[in-house]
Each structure stands twice: as C-alpha cells, then as structure tokens.
Amino acid sequence: MSQSSNADGELARLRDIVRQFVDERDWDQFHTPKNLSSALSVEAAELLEHFQWLQKGDAAELGEAKLQEVRHEMADVLVYLIRLADKLDVDLHAAVLEKMVLNRAKYPADLVRGDMRKYNEYKSR
Amino acid sequence: MSQSSNADGELARLRDIVRQFVDERDWDQFHTPKNLSSALSVEAAELLEHFQWLQKGDAAELGEAKLQEVRHEMADVLVYLIRLADKLDVDLHAAVLEKMVLNRAKYPADLVRGDMRKYNEYKSR
Amino acid sequence: MSQSSNADGELARLRDIVRQFVDERDWDQFHTPKNLSSALSVEAAELLEHFQWLQKGDAAELGEAKLQEVRHEMADVLVYLIRLADKLDVDLHAAVLEKMVLNRAKYPADLVRGDMRKYNEYKSR
Amino acid sequence: MSQSSNADGELARLRDIVRQFVDERDWDQFHTPKNLSSALSVEAAELLEHFQWLQKGDAAELGEAKLQEVRHEMADVLVYLIRLADKLDVDLHAAVLEKMVLNRAKYPADLVRGDMRKYNEYKSR
C-alpha cells in the first residue's frame, strides 16, 4: 500500500470540515498563519496544563473526566494544525513522512538508544 | 464514505511509523503523557518562533526556505500529538469530529459571524 | 519598608536597560504587545525544553553547563516580560502584589493544603 | 548607584512573598523546576491568548477590562519565574544584566538596526 498522501485521506477530510466551519463564520479573515500558530501554541499549553502537576499523566492518573478534557484539547491542537496547513498549502501527511526520514538520520538507533539528549549533544561521544 | 476512524487511515499509519521509530531507540520509557505534552508545547513554540516578528506569515512573506522549516516544525507537532494519542489510547480522528460538533454548538454561525471573541464573551449580547 | 513600587527599583532599572538596547537597534517598531507576548511564550518554551525529559530538573540533575543555559533562558523570559510591561505601562511589582492578594482569596491555605487542583475544582468538596 | 543585586531588592522581596504563600499551602513538594517551567509556559500562553486575534494588542485595542486581565497574567508569569529562580538559586537581576551583555555582542547595533532576523541569519551579509 502506498504511503503517499491521499485526497480522500483522513487529514484531507478533516481539513474540509474545518474549512467549512471557518467559512460559515467568516473567520478566514483572522486566520493568518501568524495568528494560527499563536492559537496552536495556546491550545498546546491548555493541553499541558492538565499534566503540569501530575507524576506521569497516564490514563489512570488522569481519570475518566480529565481524559475526556485532554482528548478535546488534543482535538483543538489538531484542528489549528490542520487549519495552518491549509493556509500554507502544506501536506501534513507528506511532511511527517519526510521529517521521519530526517529524524532517522539525526538520531541513529545505535547511537541514541535509551538516551534523550538532543542530536547536537552527541557530537562529543 | 464513512467518516468513522479507520485502522488503515493515515493517522493510524503515521502512529505505527512513529511507534516503530521510538521502539528502535528504546525511548518509550521517556514518553509519559506529561513529557509528551511538554515536548508538544515546545515544538508548537518553535513553530510560532518563525512567525513572531512577521506581519501575517503567509507563504510569500515566509519565503521558500523558511516555509520548509515551518513544514518540519508542523511535522514535529503532529508527531508528538500522534505519540501522545497513542499513549493515551485516543483516536485523534474521532476526537476532532466530536470536538467540531461541540464547536458548532458553542459558536453558532449566526451569532459569531465575523467576530473572534471567546464563546463566554457572547453572553451579554 | 514600603513594598510599593519604586522608580529606582530593580525592575525599573532593568526596564531602562532593555529600553535603551531596543532603541539603539530601532526595534521598537516590532515590539507590539502582540509580538512581545509571542516572543515571551517562545522563550518560556525554550526554558521548558531543558526540563522536558528530566525527572525533576533540579540543579544536580541539570548540571553546571545546563544550569547556565537555563539561567539565560530565564533572563530572556524576564526581558520580554519587562519589555511588554513597558509597552503596556504595567507596573510588574504592583501587579504581583495585587495578584498575590487574589491568589490568597482563591486558594485559602486551610482548603488547599497539599493539594494542587485548580481553584474551580474545589467547589464540590 | 550600583546595579548589582540587592538582598533588599524588589525581586528578593517578591520571592519571599511567593515563598511564604507556597509554604502556607505545603505546595513546595509540587514545585520541581520541571513542573514550574511547565506552569510558566502555561501562564505565558494564557497571556498570549489575549492577543492572538488582535492587530497589535496595544492598550487601546485591549480595552480597560482586558488590560486588567493581561496585568494579572503577567503577574502569574513573573510569580512562576521568581519561584523557579528560588528553587534553582538563580539571581534573576544578575542573570538579566549578564544576558544583556551577551545580547549586545550577538546583536551589534550597527549590524541589526531595524532588522529582526535571528543572530545566526546575519552571517551571510
């Protein structure tokens, strides 16, 4: 099966749903990439807020009600990311595939196994 | 075509690619939801950094080289979001569909057209 | 000794140093409150990045070199906060004193001792 | 007048007020540097949220009520920054003075006047 992006793929369908939502509200005028990247950061922080005082934040520690809120914050993050991709004509699926190739080069499994330093901190090994 | 999530959908395939990348590096031990939500916020801010001094940040203002960097930051955001969803067993596609239903109720098109106030600021109208 | 703000206070002196730095570079034109709040968020995330995979991030776990980087990121956060306060004519010292009064009302010590829930989650107790 | 830090300085006094607030609530146990840097990022994003759909976010565009909320978010940012500095034994005033020296070297006024590129983007000039 091809891993190339698909006009009928999930992300394209979500993009269309979000686009319609925005158009019905005449909100496109506010959706500059600059504003959308701010909104994305704000949603990411609202997600982080749920975890900030927890130990690990796994499903058991969150509990049912919090997990539901977390799911919705995750959705908000994805909605703004999809919207930003729409405005910049970025294919998110292709971008991830491409970035994962770069990540494999930057973090060779043999070098970094079990270690979370940043790629530029491995140089001295 | 059904809009329900699909085990063969794009997001599920990306999740598997990311999961394999993590497993090969024995990084799952670091991937608590708490840590992943921090990493997601950090990537969202790296994305925002590209836009902070621009006027609107559209493709023309960014330029080719910056747009490529932006694409990669967007990929990083999606990778951590997918990874967090994997750890919390969240179906991102279903979560967005569900959240968009809530958004339609919170922001009725007739009420909010052309207006970006937060939903709780419409009460007094 | 009075705790009211002081024109000769540390924060006012730092504000003047930052203001001069900006003026010498003709950067005031970029320093809208909107842009400064983005820059502040980005710096806060660069600070967070140092801690995201650590256990607690105390001085011993950070190590000398990382702690120095952390100090500089903290300085960046304060510089942008001071700059934003300058542009909005906010007295940071007075704002903190005022906010701490509100915090004392929102989080009565007897109610919240040893508990980190958000203030609006105490209602049901 | 010396610009060195002062045990009686504003920042030291605010640190003591925050420290007492925390101790009365037995919250020190939650205040790892890791958690505090998350909380700082979350507060910075709450501040950013007020500006995300505005043009410039100056006092006139914000309006009186929003400006008051913004002041309180700015106070929250400073409170967490002061608290983090306390836990890591960082002198914020000294750190800013030190960082401004580095900034002057990184961004020579003659080179960067009226230009907001990152320091590492000036190389090719």
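Worth pointing out:
To keep things simple, chains are lettered A, B, C and D as they appear, and every chain counts its residues starting from 1.
Methods note: a contact is a pair of C-beta atoms (placed from the backbone, for glycine too) under 8 Å apart; a residue touches a chain by one contact, two chains touch by 3 or more.
Just so you know, these numbers come straight off a predicted model, no measurement behind them.
Listed here as common contacts of chain B and chain C: A, D. In this structure chain C contacts its sequence twin chain D using mostly the same residue numbers, the overlap exceeding half. In whole angstrom, the spacing between the mean C-alpha positions of chain A and chain C is 27. If you average the CA atoms of chain C and of chain D, the two centres end up 3 Å from each other. Among the residues of chain D, those in touch with two or more other chains are 30, 38, 41, 44-45, 48, 51-53, 116.
Contact topology of the protein chains: fully connected, every pair of chains touching. Residues 30, 35, 38-39, 41-42, 44-46, 48-49, 51-53 of chain D touch chain A in their complex. Those residues of chain C that touch chain D in the complex are listed here as 1, 3, 5-6, 8-11, 13-14, 17-18, 21, 24-27, 29-30, 32-34, 37-38, 40-41, 43-45, 47-48, 50-52, 54-59, 62, 67, 70-72, 74-79, 81-82, 84-85, 87-90, 92-93, 95-100, 102-104, 107, 109, 112-114, 116. Contact residues on chain A toward chain C in their complex (touch as defined above): 38, 41, 45, 53, 116.
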